[in-house]
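Just below sit the structures, each encoded as structure tokens.
Next, two complexes with chain A in common: one pairs it with chain B, the other with chain C.
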Partner chain A sequence: MNELIFFFNNVIVSGAVLGCVYALGAVGITLIFGILRFAHFAHGDMMTMGGFITFVLAGLVTAAGIAFPLPTGFVVLPVAMVLAALIALGLDKAFYAPLRLRGAKPVTLLIASIGVTLMIQGLIRLIFGTGTYTFFAEEPKRLIRIDTEWLGATRPIAMTEPHVLLFIVTLVSVVALHYFLTRSRLGKAMRAMADNPDLAQVSGINTQLVVRVTWLIAGSLACAAGTMLALDVTLKPDLAFNIVLPIFAAAIVGGLGHAYGAIAGGFLLGFAETLSVFNWTVLLRPISGIFPEWVSLPGNLSIVPTEYKLSVAFVILVITLLVRPTGIFKGASS
Partner chain B sequence: MKRSLLLFAGLFVLVILVGLATGAPFTSRLLVEAAAYALIALGLNIQWGYGGLFNFGILGFIMVGGFATMFVSYPVNAAFWGSDGPMMLGRALLAFGAGALLVIGARRLDRFGITGKLRTTAIVLAWIFAYILYRSQIDPAAAYIESTAGFVGGLGLHPVLGWAFGGVLAAGVAYIIGKICLGLRTDYLAIATIGIAEIIRALIKNMEWLTRGTLTVTPIPWPTPLPQQLQTMGFDPSSSFVWARLGFFALVLIVLVLVLVLLHRAYGGPWGRMMRAIRDNHIAAGSMGKDVTGRQLEIFVLGSVLMGIGGAMLVSFTQILDPNSYQPINHTFLVWVMLIVGGAGNNLGAVFGAVLIWIVWVMSDSVSQGLFTIVSNWTEAIGWGAIPDITTRSVQMRVFVLGLVITIALRYAPRGLLPEVIRRER
Partner chain C sequence: MALLSLEKVVGGYGGAPILNGVDIAIERSDIGVIVGPNGAGKSTTLKAIFGLLKVTGGAILFEGEEIANSLPDKLVPRGLSFVPQEKNVFTSLSVEENLEMGAFTRRDDFRPTRDWVYSMFPVLAEKRRQAAGELSGGQRQMVAMGRALMSQPKLLMLDEPSAGLSPRYVIEIFEQIVKVNAEGVGILMVEQNARQALAFATRGFVLAGGQNRFTGTGPELIADPEVAKSFLGG
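Showing the complex of A and B:
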């Protein structure tokens, strides 16, 4: 039983954590792709920026001497999300809107988004240096233990507080997004525009407004994802730069332009990464008695070595592109 | 023509100014690296400017080239060749071949009437079996080599052969990537190539039996006399560096000019015309009987060869293969900025952009350090205190400058400083 608990703590929880972060990021990327038809590379650095905005706000609140029962970074998250959404809107106004107005090709916008990536990253490093920061310098990172004696195990199921909060944030965002897209007038307009922008415009949908709302949603979700990631690990300038590619992979695997696909793709990749580097010997050892004599369990039985963990996402991406280029759910085609 | 003459004259003056400000040894180093980057930018220009292919995996090809030149030119490792390592590697290679045959065989099952789900299952099983077979042979071999001989070592051949091998190896990798990815749409191609470049980076970083990984391989020999060799010939230390680097520069320049002339001829000829036709409207080109996918694969491989050679030159020059020094910002995005600023579709533009952006990239560090010091003195004077960690912060300035340059270029000069010249026959 202890082995199963170990499996739960090390694979299910960490896979779900990774999946949540990927899903939150991939939703933003996929929405932007659906509405604006370009791959927004700066999304990873918008996540990092969101993390730093929250960090600064949390620092201000702590300096003011206000303490909360929850992590301060989590409490100030809504404010940070609003700020990040406004910044996303500003970035669009300054860098993407002029290009769109000129009728530039999506590829040009993609390259512009790389320019924005570099600028955000450069600014973050200029202001904060290259060091790492933690949200838990002044307050403890609480551990949540669930006793499992009724299962016959001695180890508890253990999760940190940020993990639980991350699950809650993801659940709330996904449900809210679902209701927004299916019930509200604006959400329906967004889906219509993702489907066919010209038809949406002729039927009287305010496309400018839809674009603005897309940036607001994407910016705030990026901020949430970045902050939750930073709460889980540490905050550093290249926090999300390294995971923007797996996030893209998640969006493509799920079908670009398809919000539910992005969530599914995010969890798929998150679990695939953790399962593939998990050492299966741990699970097999207690039942080693049922194997014949000549089978000896090797010390390490993971599918890929740990160093290649990030490559798993890309291998899945390449396979998806080869076998089913539209993604699990049919993505927007353009 | 007048515009390009003017711009190149300006660039020449800029190089002279940098030389006066920083001294000859630094400038000669800058020139060599700029020339290697110019070759890489030309490779991208073929792919993007001629063919309209969106390659974001430049980093991978540069790394492949760097590894190739290390492998060919590094001295022979006798400890490896004297051990059981070659035998074990041979067995791993056989396992690899057997696995590949198995997968190919499974894919061909439809010729024997096995199709549909049964064939798919067979292919998946073949992949799994091939993977297990290969892992079962390579893992002990890798562990053995790492523990006894360190790593495989090199072949001890001339570095120029290493550059050529860099081109060949990059061509092979590009062929496989092209086969997989070239049917994809632009944004998908971008992400797929980035993904594959990251896989290549992970491989080169972690295959310690082949590349020594993060332990780095050094010193990799030069094709031209090293400064130390010149010193034994009677040069004084300071000028020996300049002369040795100029020798290296001459070699790189020869390759660059040769490539430039050949590319220019190809661009003006029927081949270049066909490529532009495919780029501008691949449906029309296809209907005229051009083999669009085949030609795109051709151009992808050709461009990657230049990137491989450029990457090989960079490693030869710095004498060290350090997988950690390869970053997407320095090696993929930087080259894109060079091409966008210089002018996609124009070879001279690519070279111009490469040299200009490399100077901006290298110099923005010290310039921003100077700026920071001024601002810091000013804030100190008005009582806000000095800016801490000026040196580490100012290094980061160049990332911001790069981003600013690319967004400004896209907005105000989207076709580059030296736009593509479209000649119309009447």
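Showing the complex of A and C:
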């Protein structure tokens, strides 16, 4: 039984944590692609930037001597999300909007977003240096243990408080996004524009407004993802740049432009990653009796070594592009 | 004063002009039909009215005011609607959401208009929750028209509404267009089924090479031997 708890903690919990972060990032990428038709490469760095915005706000609040029963970084997150959304809007105004106005091709916008990546990372390093920061220098990172005696195990189900908060933030974001896209006038206009931009214009839909709302949503969700990731691990200038590949893979696997696909893709990538680096010997050892004698379990039986876990996203991406280039969730509307 | 009038309109897609002086006048009670050979500039004329390409000469007046080069988000609230020839529904949105998008520029309660559209196209009410992309060609055309009617236009412009439809549906769509007109919406449409459409047109325009060749009521044009010979296939 303990082995199953170990599996749960290391694969299910960790996979869900990764999945949440990937999903929150991939939704932004897929919305931007749906509306503006370009791959926003700087999205990972918008996540990192969001983490740093939260970090500064949390520092200010802590310095003011205010303490909360929840992690300060989580408490100030809504404010950080608003700021990050406005910065995303500003980035669009400054860098992407002028290019669109001149009818730039998607590849030009992609390259511009690589420039924005370098700029954001440079700015962060200029201000904060290259070191790592933790949100928990002055407050404890609480561990949540669920006793499993009733399951006949001694090892507890364990996750940290940031993990639980991440699950909540993701759930709230996804539900809110769903209601926005299916119930609100602007949300429907956003789906309409992703579906058929020319007809959206012909219908008199305020496409400029839709573009602005897209950046606000993508920017705030990126901030939430970056902050929650930083609360889980540590904050550093290349925090999310390192995972921009699985995030893009999630958006592509889900079908670019499809919000629900991106969320599903995010969780698929998250679980695939933890499943492939999991040492299956742990689960097989208790039942080693059923194997013939000449089979000896190796010490480590994982599908890929931990160092190569990024390759999982890459493999899934390549297979998707070869087999179903429009994404595996085609058919689900938007 | 005409609801819409084009006077010697010149315009194109950036290169040489496609329209070389188009004249059109439509009243709210009219059904105007533009016919002409392929590449005559019929679609381009509608797009020019709707601000989708650059007008470089002449005048486009809507209720007496110059609207040349205004964009759709300004034109729709003023009472102009356009149904493009192709890709004229949001395929992944439900029928009802398609209609709602037609009402995007309105801030008042559009439900009475929606019910009016449903009363005109009862099949749409039946399929209101279905994605528009799952509908047949004729039903899609109704969604497209319904969407355009949701802004309560004074003038509805349609580009080849009967294109690709079976003969039975062609008649049905034409009947519905006449019905919409009877409800007080002016119509300006481009048609390939020229004879059939001109039969109920109060104003017909034969366009060729980006210019008017003949203008008259529909029946007049059909009766004109020269029009019949050159443009209506004898």
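Here is the rule we use: the second predicted complex is superposed on the first by the 330 of 334 C-alpha atoms of A that agree within 3 Å, B and C clash if a C-alpha of one lies under 4 Å from a C-alpha of the other, contacts with A are read in each partner's own complex, and residues count from 1 in each chain.
Heads up, the rule we're going with is that a residue touches a chain if its C-beta (ideal position, glycine included) is under 8 Å from a C-beta of that chain, and two chains touch if they have at least 3 such contacts.
Every value quoted in this text rests on a predicted model; they were computed, and no experiment measured them.
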Once chain A of both complexes is superposed, is A:Ile247 in touch with chain B (first), chain C (second), both, or neither?
neither
Looking at A:Arg185, would you say it contacts chain B, chain C, both, or neither? Reply first, second, both or neither.
second
What is the contact status of A:Ser203 with respect to chain B (first) and chain C (second): first, second, both, or neither?
second
Looking only at contacts as defined up top, I'd like to know whether chain B or chain C touches more of chain A.
B
Tell me the contact category for A:Leu221 with respect to chain B and chain C: first, second, both or neither.
neither
Would you sort A:Ala104 into first (chain B), second (chain C), both or neither based on which partner it touches?
first
So, A:Ala85: does it touch chain B (first), chain C (second), both, or neither?
neither
Given the touch rule stated above, what does A:Leu36 touch, chain B (first), chain C (second), both, or neither?
neither
Now for A:Gly129: first (chain B), second (chain C), both, or neither, which partner does it touch?
first
Intersected contact list for chain A, partners chain B and chain C 334
Give the list of chain C residues in touch with chain A in this complex.
50, 52, 71-73, 75-77, 82, 84, 87-93, 97, 100-102, 104-105, 131, 147, 151
In their complex, what parts of chain A are in touch with chain C?
185, 188-189, 191-192, 195-196, 198-207, 333-334
Could you pull out which chain B residues touch chain A in their complex?
54, 180-181, 184-188, 190-192, 194-196, 198-199, 202, 205-206, 329, 333, 336, 340, 389, 392-393, 396-407, 410-411, 414
Residue numbers on chain A that touch chain B, as the complex places them
33, 38-39, 95, 98-99, 102, 104, 106-108, 110-112, 114-123, 125-126, 129-130, 245, 248-249, 252, 256, 305, 307-308, 310-311, 313-315, 317-318, 321-322, 325, 334
